[in-house]
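What follows is a set of structures to go through.
The following pair of complexes shares a single chain, chain A, combined with chain B in the former and chain C in the latter.
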Partner chain A sequence: MKKHYIIFAGLVLMGIFYPQMFPGYLSVAITLLLYAGWATAWDILGGWAGQVSLGHASFVGLGAYFVAVGTSHYEIAPWWTVLMVLFAASLVAYLWGRLTFKLKGPYFTLSTIAIAEIFRLIAINEGWLTGGATGVFIMTLPEPFGLDLFSRQVNYYLALAFAAITVLVVMLISRSKFGYQLRAVREDEDSAMASGINPTTVKLKAFMLSGALTALGGGIYAIFLSFIEPHIIFYLLLSVQIALTAIIGGRGTIWGPCIGALLVVGSGEIFRTTFAEANMLIYGLLIMVVVIFMPRGIVGEPARYLIRRVYAKRAQS
Partner chain B sequence: MPSALRADGITVKFGGVVAVNDVSLDVEQGKILGLIGPNGAGKTTLFNALTGFVTPQAGRIYLHGKEITRLPPYMRTRVGIGRTFQTERPFEELTLLENVLVAAFLKEPKRKKAERLAMDVLEKVGLADRYDQPALDLNLARRRRLELAKALAVQPSVLFLDEMMAGLNPPALKGMIGFVRQLTDQNLTIVMVEHIMEAIIALSDHVIVMANGSVITEGLPGDVIEDPRVITAYLGED
Partner chain C sequence: MMFDYVSFLQNLSNGVLIGGVYALIGVGLTLVFGVMKLINFAHGDFVILGMYCAVLLNSLLGWDPYLSLLVAMPLGFMAGALLQRLVLSRLMEAPPESSLLVTLGLALVIGNILLLTFGAEPKSVNVSYASSTVSLGDVSFSLILLLAGLATMVVIAGLYTVLNHTELGRAIRATADNRLGAELVGINTRWIEAVVFGIGMALAVTAGVVLIPLLFATPTFSGAIFTLKAFVVTVLGGLGNIGAAIAGGLLLGVVEVMGASYLTSDYRDAYGLLVFLLILLLRPEGLFGKTVKRV
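After this line comes the complex of A and B, so read on.
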């Protein structure tokens, strides 16, 4: 476990100096960090607790809309709206989970798509609150300590902090009682109950934490884009991308979602410039290769192989 | 000795089928109750009703005098019931230590202490040397022992064993019988569903024989297996 903290410290340190080294590539890095954070947050529910959600765009949307509508309609500073949305997202996740955790496996996943769609429709149709289909512009933002929140540099550090927080949360969870309860529920709910674990409570906690963290990233996303519209931010595609990022990287691992983000966002960027229109094709192929040859993801598969090989060796000697 | 587990008039129906029909039992603390009967007799259903995985339509269940009839399975674990599953259900992705750790966390929320408890239990069942092996790769006898370790790590007062002996080879069977015997020396109460007569006779203080959902007879193991009704239930009438 110690090595994870060393890797973590190293990455954060690199992250801090990145803007000085590659000032021209800030936007890509921000996208990458946001996806790393979202996928890590998604993975608390999807990977550690084993409940695959294809509705996490709802939480991105909640976070983004709270911040955008807060500043542009009500002149509430983003740090207050972010604080509010942490509570709001937890509450939404709680009610959502209460409603749907009776469903298992793919049925739960389908229900998340349906509920996410409700959020999208609300965002489009309740124009008085959300600006409707045209979306919301963020025209002005406060300047805490003289920081320009519109600047790419500041956006970058916000995204870095977001990604770091989510990874840190997962690192803390992974060794804790809660982390083992999550894994137990994922593996076998009956057996978890025989160990005194209430699966519904554990899943609800995971969903609330996952949703709140995702919403936090959504708030930062809104500041980064400074214009949000429901068709993008509440759309199924975003949910799918968040889930895929975590799945490709390796579900239920600390670094899997980050590696997934590096691959998905990084390759997306490279393919877009070199293959132009064929980029979605390459992207699709990449996903298929990973899913077929590494069903546990890029981090999950070798980790598992190593553990088993080390053990097999010891058993022989 | 005070009663550890008591059940009065348990009835479980699945649709129109009466799986368990008005079964009562009472186990004293530190004793072993054996539950036998041919396949389909309702043993496992009764077992699941007592541990909370099936809701009985009628009857009441008491643990150390407190009613637990309406408690969900995880609450029953918290008040002192431990159980194994007939088809072992290890958390396959986790190591043996982590498997037991999940259960150990119930009474020891601190990681260090929980880990020590889990290791102690693994030591007891003889799996300590494999603590960092993934549970997926275990053979049957070891899966059984892991299942037992998980049930023991919640530190139960009443332990339910569902066909722990089935399919074990003679030395493994002998080992398991010896191990279960040891557990009652520590005042643990045990309810076991079992097909292996050798184990039932060696271990049980009291035996209940079920057929078609009802108790057909009960008593000391030696008396029960010679009861003509039991022989008929197992072999059919001639």
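After this line comes the complex of A and C, so read on.
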């Protein structure tokens, strides 16, 4: 576990100096960090608790809309709206989970799509609340400590902080009692119940944490884009992207979602000119290859191999 | 206010006819689920493939969309069977999520390849009879919708005959009932699965061809919508039950059209989803579920 913290510290340090080294590649890095954070947050529910959600765009949208509508319609500073949305997203996740956690496996996944679509339709149609189908512009933002929130550099550090927080949360969870409860529920709910775990409560906590963190990223995303559209931000494809990023990297691993984000955003950048708008092609091909040939993901598969070798050695000696 | 019977009947007939096409899409999905326990996320994109097949044949050879069924159906069948043998058969032992994720990947691949080949702008086929109607009393039926309903009935009747009156159909039903038992009496279930996936894809492609005079085909957005509709239809009736999928399709068509004209059309797509959620939560075995599949 210690080595994970060393890797984490090294990566954060590298992240801090990145803008000085590659000032021209800030937007790519922001996208990468946001996806890494979202995928890691998704993984709390999807990987550690084993409940595959294809509705996480709702939380991105919730975060983005709180921040955007807060600043443009009510002139509330983004840090207050972000605090508000942490509570709002947890509440939404709680109600959502209460409603659908009795569904298992693929049925749960289908229900998340349906609920997320309903959120999208609300965002498009309830113009008085959300600005409707045209979206919301963020024109002015306050300047805390003289920082210009519109500058790429500030956006970058916000995204870095978001990714670092989510990864840190997952690192803390992975060795905590809660983390073991999550894994127990994922592997076998009945056995988990037999050992005194309430699966629904554990899943609810995971969903609330996952949803709140995703919404936090959504708020930062809104500041980064400074223009949000319901068609994009609540769309099924964003949910799919977030989920696939984590699954490609490796579900239920600390670094899997980050590696997934690196791979997906990186290859998207490389093939940008070749495929233009068809960039989801890469997600499609990667997920097929990963699920068929390395079902535990790009990080999960070698990690499992290493662990098995360690155990084999221990058994020999 | 007097209740307007004419417009009510008009809406009802439109709903039933559209619902017939939904049923056609749903039947393919439910058949595949019943036999292979496979949740096919690419089903809606198969529908889009059918649409583009008709568009292509129309623009290259000037074929009428209904004529292109002769090409699209066998092609869809072969493509489906091949897909099953080459890709999906590798996942038979894997957890159910794996097949969901692979078909989701497949959906993205199909949608984006279509986007690369045909471009993002919506495509359709113009037919001379696009706005013709047939009147029955005060209620008028759109000719295209009628043809779509007719095609649906023919295809579903054909499927029914195959399933219930042929040796192949018996083998398919046996595999759906009890895979191991079917293997014990000498049915090659691997082959049956390829055939069933082929049939499922052929049905989806047919629905796409039938819909093209009515709707525009767009490569990436509409696939997911059809997949979702197919799931709504099948869950309405209970996954794996063909008769129920037909009823589910008709119900969805009517609910959508009625909801759009009597409540608000902004939420046209939401009515189906709400019903879908309610059924999932309250009656997971489906409205007409005798075969109880515990969720």
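FYI, the second predicted complex is superposed on the first by the 303 of 317 C-alpha atoms of A that agree within 3 Å, B and C clash if a C-alpha of one lies under 4 Å from a C-alpha of the other, contacts with A are read in each partner's own complex, and residues count from 1 in each chain.
As a working rule, a residue touches a chain if its C-beta (ideal position, glycine included) is under 8 Å from a C-beta of that chain, and two chains touch if they have at least 3 such contacts.
This is a predicted model, so every value here is computed, not measured.
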Chain A residues touched by each partner, larger count belonging to chain B or chain C: C
Chain B versus chain C as contact partner of A:L147, first or second or both or neither: neither
Touched partner set for A:L262, first chain B, second chain C, both or neither: neither
Chain B versus chain C as contact partner of A:R308, first or second or both or neither: first
Which of chain B and chain C A:R175 touches, first, second, both or neither: first
First (chain B), second (chain C), both or neither touched by A:A192: first
First (chain B), second (chain C), both or neither touched by A:V28: neither
Which superposed partner A:V291 touches (first chain B, second chain C, both, neither): second
Chain B/chain C common contact set on chain A: none
Residues of chain A that touch chain B when the two form their complex: 175-177, 180-181, 183-184, 186-188, 190-199, 252, 304, 307-308, 311, 315
Residue numbers on chain A that touch chain C, as the complex places them: 52, 99-100, 102-107, 109-111, 113-115, 117-118, 121, 124-125, 236-237, 240, 244, 247, 275, 277-281, 283-288, 291-292, 295
Touching residues on chain C, where the partner in the complex is chain A: 39, 87, 90-91, 94-98, 100-102, 104-109, 111-113, 115-116, 120, 220, 224, 228, 231-232, 235, 266-267, 269-270, 273-274, 276-277, 280-281, 284, 295
Parts of chain B lying in touch with chain A, wherever the complex brings them together: 51-53, 72-75, 77-78, 82-83, 85, 89-94, 98, 101-103, 105-106, 109, 111, 114, 132-134, 137, 150-151, 153-154
